[in-house]
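For reference, chains read A, B, C and D in written order, and residue numbers begin at 1 within each chain.
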Amino acid sequence: MNNTIKIGMFGLGKAGKEVAEQFLNDPAVKLCWIVRGSNTPLTEHLSEDIPVYISSELDLAKLIKDKPVDFIVDFSSADACLGYADILAAHKIGIISAVSAYQEHHLNCLREASKKTVVLYSPNITLGINFIIIAGKILRKLAPHAGVEVIEEHFHNKKEVSGTAIRIAELLGLDPKKHVNSIRVGGIVGRHEIIFGFPNQTLRLTHDSISRAAFGQGALYAIKNLYRRPEGFYTMEQLVSEGFSAALA
Amino acid sequence: MNNTIKIGMFGLGKAGKEVAEQFLNDPAVKLCWIVRGSNTPLTEHLSEDIPVYISSELDLAKLIKDKPVDFIVDFSSADACLGYADILAAHKIGIISAVSAYQEHHLNCLREASKKTVVLYSPNITLGINFIIIAGKILRKLAPHAGVEVIEEHFHNKKEVSGTAIRIAELLGLDPKKHVNSIRVGGIVGRHEIIFGFPNQTLRLTHDSISRAAFGQGALYAIKNLYRRPEGFYTMEQLVSEGFSAALA
Amino acid sequence: MNNTIKIGMFGLGKAGKEVAEQFLNDPAVKLCWIVRGSNTPLTEHLSEDIPVYISSELDLAKLIKDKPVDFIVDFSSADACLGYADILAAHKIGIISAVSAYQEHHLNCLREASKKTVVLYSPNITLGINFIIIAGKILRKLAPHAGVEVIEEHFHNKKEVSGTAIRIAELLGLDPKKHVNSIRVGGIVGRHEIIFGFPNQTLRLTHDSISRAAFGQGALYAIKNLYRRPEGFYTMEQLVSEGFSAALA
Amino acid sequence: MNNTIKIGMFGLGKAGKEVAEQFLNDPAVKLCWIVRGSNTPLTEHLSEDIPVYISSELDLAKLIKDKPVDFIVDFSSADACLGYADILAAHKIGIISAVSAYQEHHLNCLREASKKTVVLYSPNITLGINFIIIAGKILRKLAPHAGVEVIEEHFHNKKEVSGTAIRIAELLGLDPKKHVNSIRVGGIVGRHEIIFGFPNQTLRLTHDSISRAAFGQGALYAIKNLYRRPEGFYTMEQLVSEGFSAALA
């Protein structure tokens, strides 16, 4: 009778907190519990009603029996999936992961789980980034002779090249080492731009991040979209690409 | 045996000249003749091989018999179509028009012709502008709650609001009077930007014009795409939208 | 012996909190106390060491005797200055105000105080905005024939035209009603852009706000700059203009 | 009696032609003659009244006796100055050079000439670029802790890093190898951007080139500014810096 989608969360760092707040503000979903890694005291509570567990002390099987959910959303660290994938898959609980630092064995673990339940993984889960990826892929096909460059701007202390920019380049068929240009300066939250250069016109697809809450909106988009879908391994690009097709129909 | 597409042109003003040059540089098409309105001497010849006729002295029926073409491309003025539409339609010669100042009776004349031949009309025929229109329409469906604004920047002496910007707004379901923001300053050739505002991210689709030669590239895209298609009334947005669907398939 | 500049603050709203944090992080100053208007409980304490008073219960004369300061910084509301100006002026305590909603009688009150102490008032106290104002004023003199437009972009719920944009226009000798272009969309924190259009080149001076902490940095710039200066009415533009002159010398 | 400033030009390539046209349109100056390097026929004459000479056949001493000028403007190639510097210096004819490929011996030749006449050399002579250089230098002094990056965007076929961008970086005290970011794509005429990154705000000084005619406007600014000034070696940055000081006074 009740179509509210129930969610559990892994991770309560900076991104996790802002994502959780988005869940609390959307009546279509219910955030049932949060698992965090650290056992330092919480300085501020998101909500008195949301129980928070420490992962090292957790009996996950018992938790999902006591407080069942439809999806878990993971904004914690790479290794978390190794602990939860089997258990969640066995109970057909969907997994939405936006952890950016996965190695091959983490991805294999998620792929294994996707044989039994819905799994979505994308290192950048925002609607905006995935929109410019799909739009960019289409333009590559419409105008194969146009030059393409990716520019990413971030705060000074972000040392590595943006993983999102690398993925954009790869999905556009470009060598990231040659075509990703990284600007590091001041406190820029995050800007990604794809430039398509024609002899007589220039096209720019630009995404500016304002806050990490955009990840929460992306997770909500994924959850609503994947609710009651068959098991399998999904990506955000795939969902947005499906959205393009539906919009064109 | 020869698949070169033969083209005749109406109009040899600033845009017409740059468009004609694009045709001369593309081996897939052959520019066969040009009709111009003025009988003032030409200061420079595009090419000694391309005959140029004055419209007031022209017998168009004889010209297309002597020098048959597959398409005509019109960058002249609104009334030109009233003179050529019937004759070209009767001979199944395609009509590509990028004249921006049409009134209803001009459009009716082209629609009538489209019952017998291929007719494409768009006030802005560049690939880039039509790409951001289709991408923008899709994003409106994916994210109906996002705010949308259109900004257009042009040189100081362009007095009226950009027709392209108005069309962008209308196709996105926005009231142009409220959502088109016009900047007039200096010698800016032409910039159109669609901003999608989300609470936590901002997306910009930006098109910068470098020169009018982009119209020629757009016309070439249309001609190659419409070659051997059935009669009917087409728009550039429609062709680009079809390109989106094909790219996604 | 101790050159640490002592500061008191009025206002502990969103801006006030971020400004206060900047003060806590700069060893050149010491935040001694904060006066706030509301008596609702504080959900989080900035620092246990900083006493916070409710303005309606405050004896300001006693406070500055017990806990003397060199400057007060005001991020509260327009009427606050009516209560503190006389007392502070009599004790030669500097006043830095960044309240944006002043009416004429508030400004008169501050001007009166400036006969006895240092007073700085600017509706936008960031270094960045005042930098583009002064640079823009200079370019107006170097290139009087260039066209100039101001664009300001802010979040959807900001209903009025940006006061900062209006001030930029006025200081550049432009009618704000004609030359300020306001874009309202999504969650944009704040962007101000001055465009100078020449026939063959375009110059853009663009300021993007990331967070309100920029106001704190601006207040610190003002305080250090005005420390031990003679009484008088100062503006942030004036200090930045002096900085230009010093840099050029 | 006549204050029209008389000009001779070296160079009639793409830049030279657009510069010469600017001179023809400004009643404050008179373009008296042009020297070009190539002896291929001219496809179009700038003006029937302006004599054009081939440099290899030229007797410069005779020319400046027959048709005296106040300044020569050089948009030709690096070696040209080796031929004209002595002769012009002896006759106190001002030299404005915007040749970008000078080596040390070329500069020495111009410096020697500057002992006897006015010499101005800048690889980029536009008002806009020099404006952002001086504004940027000032901001470096006002905010020494801000991060700074230079981005330059140009057409795909421009193989080398922009000399203008390198000079911007050097004048701002930055290592060009680390802080100049070059984007090459499509037909972008030329964009230079200096980004100043603060923790809580970002400032961008952006220059877009529309056409090479901007060089002509820069040359005119230099000529009018240097007319009747004492001999010496000047740069465009210096003149613009003087303009800043005058505007602030």
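Basically, a contact is a pair of C-beta atoms (placed from the backbone, for glycine too) under 8 Å apart; a residue touches a chain by one contact, two chains touch by 3 or more.
The model shown is predicted, which means the values in this text are computed figures rather than measured ones.
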How short can a chain-to-chain path be from chain B to chain D, counted in steps between touching chains?
1
What are the mutual neighbours of chain A and chain D in this structure?
B, C
What rotation angle takes the CA atoms of chain A onto those of chain C? Round to the nearest 5 degrees.
180
Taking mean CA positions as centres, which chain lies farthest from chain A?
D
Per the C-alpha means, the centres of chain A and chain B lie apart by a whole-Å value of 40
In whole angstrom, the CA-centroid distance of chain B from chain C equals 50
Sites on chain C at which at least two other chains make contact:
186-188, 196, 198-202, 210-211
What topology does the chain contact graph adopt: line, ring, star, complete, or other?
complete
Residues of chain D touching chain B in their complex?
43-44, 186-189, 210-211
Chain B-touching residues of chain A, taken from the complex the two chains share:
126-128, 131-132, 135, 137-139, 141-143, 196, 198-214, 217, 240-241, 243-248
Interfacial residue positions of chain C with respect to chain B in the complex:
146-149, 151, 153, 155-156, 181, 183-188, 195-202
